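Following this line, the structures themselves.
Okay, so chain A shows up in both of these, paired with chain B first and chain C after.
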Partner chain A sequence: MPFREVMEAKYRDILTKYIKEQSESTLYIGQKFSRKSIENQVTPEEIISLHKMILQEIYPDMPEYVVHSFDILLEIMLGYGFAYREHQSLRDQQKELRSEIEIAANVQQTLLETKIPSVEGLDIGAISVPARLMNGDYYNFVEDENDCISIAIADVIGKGIPAALCMSMIKYAMDSIPANRNEPSMLLENLNRVVEQNVDRSMFITMFYGMYDYARHVFSYASAGHEPGFYYDGKNEEFSEIYAKGLMLGIDKKTKYRQYEKNIHPGDMIILLSDGVTECRTDEGFVEKETLLNYIRKYIHCSAQEIVNNIFKDLEKLQDFQLRDDFTLIIIKRRV
Partner chain B sequence: MENQSCVNIQTEWDIVAARQLGRNVAKELGFGIVDQARITTAISELARNIFIYANKGRVCIEKIYDKGHAGLRIVAIDNGPGINDIRLAMEDGYSTSGGLGAGLPGVKRLMDEFDIVSSKGKGTEIVATKWIR
Partner chain C sequence: MNIKIEVMEHDNLLEVTLAGEIDAYTAPKLRETLFPLSEQEQVNMVVDLTDVGYMDSTGLGVFVGVFKSIRSKDGDLKLIGLSRRLIRLFEITGLAEIMDINSQNEGEKE
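Presenting the complex of A and B:
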């Protein structure tokens, strides 16, 4: 039977029982009643009116002042009912919005999907996790006919939906630039022009673009203000920063980018990341570069994909499972 | 019209007069006490809007009958600045948090029917109806 039809009888029952003997068990039944009435969208003012009516029924000689006092209570609780209904409606709207964003996040994932190339002699791992639902980081691998793999990693300053929208544009700009893919500096210069023309002035993008020639094992790269990655020298078991200078994309359309080159030996590693990795924050402050490198050392015997997965898990835990920024980490290992 | 009575809203006391009028008519029509309180609250909100944002205007209460059903209609009219973006004013959380307008979506929820016409610089007319269940 619908709750509204039995509500009156139930409330009368609870009320008379409690007036007879003030037991905790009746109060508990009252609590269950309130849960049911909230579920059925019964408003506070309806309950008060019910209370007044039943009370008058049981005690026809109830003093006038008690009867009148309920008018004040009703008026006051109507205001609460007002606020409560607004809250309900806002909650429904929030739910709707959330599911809309979830769909958008799925669309984004499909748009930005990239496959990690499998090439003999190389072991590549990559992970990218958004802080919220949508990702403002981006990475992309392309394998070409000249025995080269190009690797792009980018970060929009900011996070959430605006950053994610911006990133989807970058992906298509990259796909449509016909420039010679062998030249990371040229690619950044072209992309910079696209970003400068098409993206909101308050939005900046950092990008690292590298080209790994796996026939000669030479890594050439350029950076547009992106968080510097690391190079691991397998022979000496030493890390060093991958230095590359360049202005962020979208600031000045005439920006030129310098290109660098590095020979990669067996056992060496290239580590690329977004600032969500280095800006992992704990109660004690930022995660030190040394801490990050120690994590890499800890898992160095694992496969590249295992290393990035494990580091993400560790850093996530270190931050109490609350990411403050989108997190992207790529490791390219030259097999021994 | 004998079925309609109006209260001019100029001072805060006129809000009380509008409430009283609405409550009396609601009682006469046979609304229960919860609906009486809802109608009064709706009148209160609309009259307050006039008092705060338009300085003056009027609230009229009308008894209406349709196919054997009785209802109460509130008409709130002012010549104030008007509402710039009605869609925004009808959004939950807008008036209560921003301090503009006054709980229009709340008024809409308290009543069965709600209609608003507003033009910038000319004023606002809101018609809200509640039927006896």
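Presenting the complex of A and C:
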């Protein structure tokens, strides 16, 4: 039977029982009743009129002033009723928005999808996890005909939906830059002009762009203000920062980028990351660079994909599973 | 997490003092306060970050936006009192080379 039809009888029952014996169990039944009535969208003022009506039935000679007092209570509760209905409709709207964002996040995933190239002699692993629904970090691999793999890793300053939309634009700008201009410094200069002209003035992008020539095992790279990665020297078992200076994209259209080169030997690694990795925060403070490098050392004998997965798991745990920033980590290992 | 923003104006100088954390949650408030100020002609703004314990890239975005806006109106922006962590953020992004950061050494702290 619909709740509204039995509501009156039920409430009468609870009220008379409680007036008679004031027991805990009746209070509990009252709680259950209120859950049911909320579920059935009964407003607060409806409950009060019900209360007043039943009380008048049980006590026909109830003093006038008590009856009047209910009228003023009723008037005051009207406002709560409005607020409650507004809350209901906002909740519905929020549900709708959330499902739209989820769809957008899926579309973004598809748009930005990239495949990790498989090349003999190289072991590559990559992970990118958004802090919220949509990812403002981005990485991309391209394999060309000249025995080169290009690797881009970028972070849009700003988070959430605007950052994600911006990232999709960058990906298309990158794809439309002719292949012969793929030299890292040239690519960043071209991209910088696109961003400077087309992106909102409070939105900026940092990007590291590298090109790995797997015939010669030379890694050339340039950076537009991106968090520096690390180079691991396999022979001496030492890490060093991959230093590359450059202004982030979208600030000055005349910016020039310097290109650097590094020879990669068997057993060496290139580690690229976003600031979500280095800006990891725990209750005790930031995760220091040494801590991160120790995690890499801990898993150094695993495959590149296992290393990045394990480090993400460890750092996520360290932060109590609450990512504050998008997290992206890429490892390129030259096989021994 | 919260941020306190104080703006003092005397002579031709806008002194902004910030305290707290600048992240995705507090950055909108900072942007709303600083942007209208930055859009006046020839603004001379000094932002004191001595009591800012944390700033992420969203905060950086606000300052770059303000910087560009002030520059386009022939004004001047100085940031002072940056911690080493903040200085690093400006250095990595290449901003330290185009923006005036900690030029008064008084604010530098360990």
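Everything that follows uses one rule, which is that the second predicted complex is superposed on the first by the 333 of 336 C-alpha atoms of A that agree within 3 Å, B and C clash if a C-alpha of one lies under 4 Å from a C-alpha of the other, contacts with A are read in each partner's own complex, and residues count from 1 in each chain.
Operating definition for what follows: a residue touches a chain if its C-beta (ideal position, glycine included) is under 8 Å from a C-beta of that chain, and two chains touch if they have at least 3 such contacts.
Bear in mind that the values here come from a model prediction, so they are computed numbers and not experimental data.
*Asks:* Label the relationship between chain B and chain C on chain A in the superposed model as either fit or clash.
*Replies:* Verdict on chain A: chain B and chain C fit.
*Asks:* Return first, second, both or neither, reflecting whether A:Asp325 touches chain B, chain C, both chains, or no partner chain.
*Replies:* Second partner only, chain C.
*Asks:* Applying the touch criterion given at the start, work out whether A:Gly229 contacts chain B, chain C, both or neither, answering first, second, both or neither.
*Replies:* A:Gly229 sits against neither chain B nor chain C.
*Asks:* Once the two complexes are aligned on chain A, which partner has more residues of chain A within touching range, chain B or chain C?
*Replies:* Residues of chain A touched, chain B against chain C: more for C.
*Asks:* Taking the superposition as given, does A:Arg85 touch the first partner, chain B, the second, chain C, both, or neither?
*Replies:* A:Arg85: touches chain B, not chain C.
*Asks:* With both complexes overlaid on chain A, does A:Ser49 touch chain B (first), chain C (second), both or neither?
*Replies:* So A:Ser49 only meets chain B here.
*Asks:* For A:Pro130, select first, second, both or neither according to whether it touches chain B, chain C, the two together, or no partner.
*Replies:* Neither partner.
*Asks:* Hey, in the superposed model, what angle do you get at chain A between chain B and chain C, Cα centres, nearest 10 degrees?
*Replies:* 80
*Asks:* For A:Lys245 in the superposed arrangement: first (chain B), second (chain C), both or neither?
*Replies:* After superposition on chain A, A:Lys245 lies in contact with chain C alone.
*Asks:* Check the superposed model and tell me the shortest C-alpha distance between chain B and chain C, rounded to whole Å.
*Replies:* Minimum C-alpha separation, chain B to chain C: 16 Å.
*Asks:* Okay, in this complex, where on chain C does chain A touch?
*Replies:* 23-24, 31, 54, 56-58, 60-62, 64-65, 68-69, 85, 92-95, 97-98
*Asks:* Using the touch definition from the top, list the residues of chain A that touch chain B in their complex.
*Replies:* Residue positions touching the partner: 43, 45-46, 49, 52, 74-75, 78-79, 82-83, 85-86, 89-90, 93.
*Asks:* Per the contact definition, I'd like the list of chain A residues that touch chain C in the complex.
*Replies:* That would be residues 155, 157-160, 201-204, 206, 224-228, 245-248, 251-252, 275, 279, 281, 286, 324-325 of chain A.
*Asks:* What part of chain B is in contact with chain A in the complex they form?
*Replies:* The touching residues are 32-34, 37-38, 41, 92-93, 96, 103, 105-106, 109-110.
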